[in-house]
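In the two complexes that follow, chain A is the common piece, with chain B as its partner first and chain C second.
Our next item is the complex of A and B:
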């Protein structure tokens, strides 16, 4: 079958893949290139090779404060989304509640609703109820949009788990909590962990919610970068961006080790 | 405690979060969109729908989203087909190729395109060197720039949607068509393409939705003159502080998108199970 593909088409397929790869990766490569350029101005290809933009970032209070806020929010979101989403996925997997399918759809709905619609609603509700937005507003809203990822990865792992293990534990006298924490949760672990890293990534890179829910002193890294791009971009923006790309690469490697990226080939 | 009570307990925190922090905000937006100084009003909607400026911006949003969706499908289908047919090692690399941009912040990817498409950037330079464009050729702050940037942002969604369906098609169907004398392209066109249609449709609905509702890439690459609906919402919230008007625009976006999302959820719900 594979041999039957005409050679000209095979070559065309590889040219197509190479062109698509170039198209998908070019923006990331360019940002990394700009970040090491000696020029004051943003230009590609870079001239020279320097790390001074990275030094500038590490000495900038604005970037460090934004990074600290982004990290705080992302850690809170990771914890909350993993616990809440993992628990929900376990219950959804058992399918013993009426309307399980509808519930599963409800849990995945933040994935398909455009973030801007949610962001504007969140801003308006929070302002009406509590006044100015805060770190909590950011963490709460990021948790909502990260939740579907944890639910999905945990459900994926549970779908391949052995349903009789829990029964076996029950027959042998394990209590409800013992079964949950010694049998079910360990089975979910790869899915929970992958979901946690996804949640971290969603929150850390999120721009729309953070742009709507910002105020002076509540600026996450993507918002800080966005502001710089609108007004006075210099290569230090590229340096921060490159660090963030590095974090993403790291997360992908970790998720691949935990669960295998192949699994996510079917969303 | 019964099994049922245990399951409910596990589900309650999530349901609470979804209700309080997801459904309520959307409700608040709906309420605000019809609120005026003297009670309920539709003035924000009539203002939008009666102003050629806003109608033009709506039309631009729909038109660009359609173009972006079609291009994404045209690239996404062959890419997904290739991903489904190469060996596991190559497939892993292709998955990384698709997921790495997907997981990178939209702000950073748009920044990359700002550099690439800038007046003296690599892409216009190349076009001029190849004689494809004149000396005054520019890409930044054009609709073409928005389309290029958005296709790169959204192509991963389309590819993964189609891949999910293509990888489940029985390989023997294609082989049967080939054995019976069908050419390679004809087999792909008459056997794989129709079977992959649900994935293409689902991916297109998703891409259109995301495209119509994004403002980061359009505002960075298109500039302030080429506003889209989502950018106008963002401006009404943060610059002019007309929140009810912003809410009304969001409701218009929401209504348009709901029309598309209902079939999307029906198409994909079975797979999410």
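Our next item is the complex of A and C:
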């Protein structure tokens, strides 16, 4: 029998859950509400019901170009972060590298490093070494902040795996490369896929780095949204945001169906 | 099929030497068990034969060919792991095909036929499309066995393969292993800490203690004539009782700590301090006043069909099996009888 929870604690728990739901979900509801408002201005609650802001967004060259750039960068980041992060996780898991622990900390450090500091540094470094920023600059810097997610999800799956699989493969005649492609990578696959999903989302949502590393013609979707909000706020911003939320939710559902995300939720 | 030759194998981890020079010849088709307590070095020795562990000194040869420097993937061996080590992302069929695929043995069709035959051998043909996690422990174990025999390895290495099974399945698998070995005649090296398993499966038992071979021989030999106190305590439930062997009026006699005398067989030639080996199945428990050694009941363990009594005999603990209608209580005086020929004598 589970001991009964005291009523005071139970009420506290409910308040906590309600507050979480309120501050996590309510902003999304507000954005979605604003996006269908007939008003010229950003106002909540919405007055009227219209899809014209969506039409406007889909007809806007600025938004479409920004979305295209964001997508290109996100795809590059997903590929780079998955390959580099996956390889790093496999190496860290084996603990045969000297200084594995220090390396592991280094790979996870972008999680705690203030992005704005990193963005300033990256801008200065790139300008000094290579001159004007480019799509590559964005992809590279996004990859750095996406890496920890791939490393962590891949390490999580490896920690659960049978440590004798590779040895068993050796006794079955599998050489180094055969073991990598037939044993190690398939084992990592769920972690790599989840990491890739995080990497894509992080790059696609990223605003701070993209804001610092922008130039005319190099504007990602979040930066475009931010600019629009600053200079000519109208509900089209909310419409774009709602589309982004929709895409993200869809991705989460797909990935969760395929892999189950809970296993990566705990550290 | 092949013979395996180990010459003066030494292995150290850091400063600790765990194998102190083991030499061993395994004949072609022989089933040899490495028996010992955990940490005695038996698994390390098996991993050295597999190539998963390097040697600090010594050499390993398979069929006369020196393989010491070769990695496991270039030795013609198969190994079954305690955890079975099935690849979770592959079906049963693909798991069994894995060694053939990695070694590029035969065409796709030939591989399919071999896998089918191996699965037939372990009676799992109907589960070929399942994933390992959909199988029971016993079934996973059979898949691992099929995978180990599918490539006709020169040597089959088994690392405590039965220890994760429940008692009934374990007995079933023992019978299957015996039959499989008889049919395929594979040279087999089997690591276990379970003396019954070693006794029932092996052509020869190598008893290992603290990195050295303590004794080796056929199961009957090693069970009937343990050469050392360690061997007798590890094999079977032998009771060890210290004594002094003297020349009596009618042959040798063992003098126990409390002065009781136990006649020995004439073959016992050694004199002086010794350890007596009394197997519990050779001891007969009788009511006090009968012929034999006087002892006191210390503990009674009810086993259903039988009762195990632990006795105090001249200050030593002695365990005896008795029929369950022979009821004594704690503290009862009893008598213990044993044939002189059944008493083992290990000079100390």
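Here is the rule we go by: the second predicted complex is superposed on the first by the 249 of 267 C-alpha atoms of A that agree within 3 Å, B and C clash if a C-alpha of one lies under 4 Å from a C-alpha of the other, contacts with A are read in each partner's own complex, and residues count from 1 in each chain.
The rule is simple: a contact is a pair of C-beta atoms (placed from the backbone, for glycine too) under 8 Å apart; a residue touches a chain by one contact, two chains touch by 3 or more.
On a predicted model such as this, the values are computed, not experimentally measured, just so you know.
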item	value
Partner chain(s) touched by A:187 [first = chain B, second = chain C, both, neither]	second
Touching partner for A:165 - first (chain B), second (chain C), both, neither	second
Contacts of A:128 with chain B and chain C, given as first, second, both or neither	first
First (chain B), second (chain C), both or neither touched by A:173	second
Contacts of A:103 with chain B and chain C, given as first, second, both or neither	first
Contacts of A:143 with chain B and chain C, given as first, second, both or neither	first
Per-residue contact with chain A, leading partner among chain C and chain B	B
Contacts of A:207 with chain B and chain C, given as first, second, both or neither	first
Interface residues of chain A shared between complexes with chain B and chain C	none
Chain A-touching residues of chain C, taken from the complex the two chains share	50-52, 71-74, 77-79, 81, 83, 85, 87-90, 98-99, 102-103, 147, 151, 157
For the chain A and chain C complex, residues of the former touching the latter	161-162, 164-165, 167-175, 178, 182-183, 186-187, 189
Chain B contact footprint on chain A (complex, rising order)	1-2, 4-6, 9, 13, 16-17, 20-21, 23-31, 34, 42-45, 83-85, 87-88, 90-92, 94, 96-97, 101, 103-110, 112-118, 120-126, 128, 140-141, 143-144, 147, 151-152, 155, 176, 180, 201, 205-208, 211-212, 222, 225-226, 229-230, 233, 237-238, 241, 244-245, 248-249, 251-252, 256, 261-262, 264-267
Chain A contact footprint on chain B (complex, rising order)	1, 3-4, 6-8, 10-11, 13-15, 17-18, 21-22, 24-29, 32, 75, 78-79, 82-83, 85, 88, 91-92, 94-101, 103-116, 118, 120-122, 152, 155-156, 160-161, 163-164, 167-168, 171, 174-175, 178, 184-185, 206, 209-210, 212-216, 220, 230, 233-234, 237-238, 243, 246-247, 250, 253-254, 257, 261, 264-265, 269, 271-273
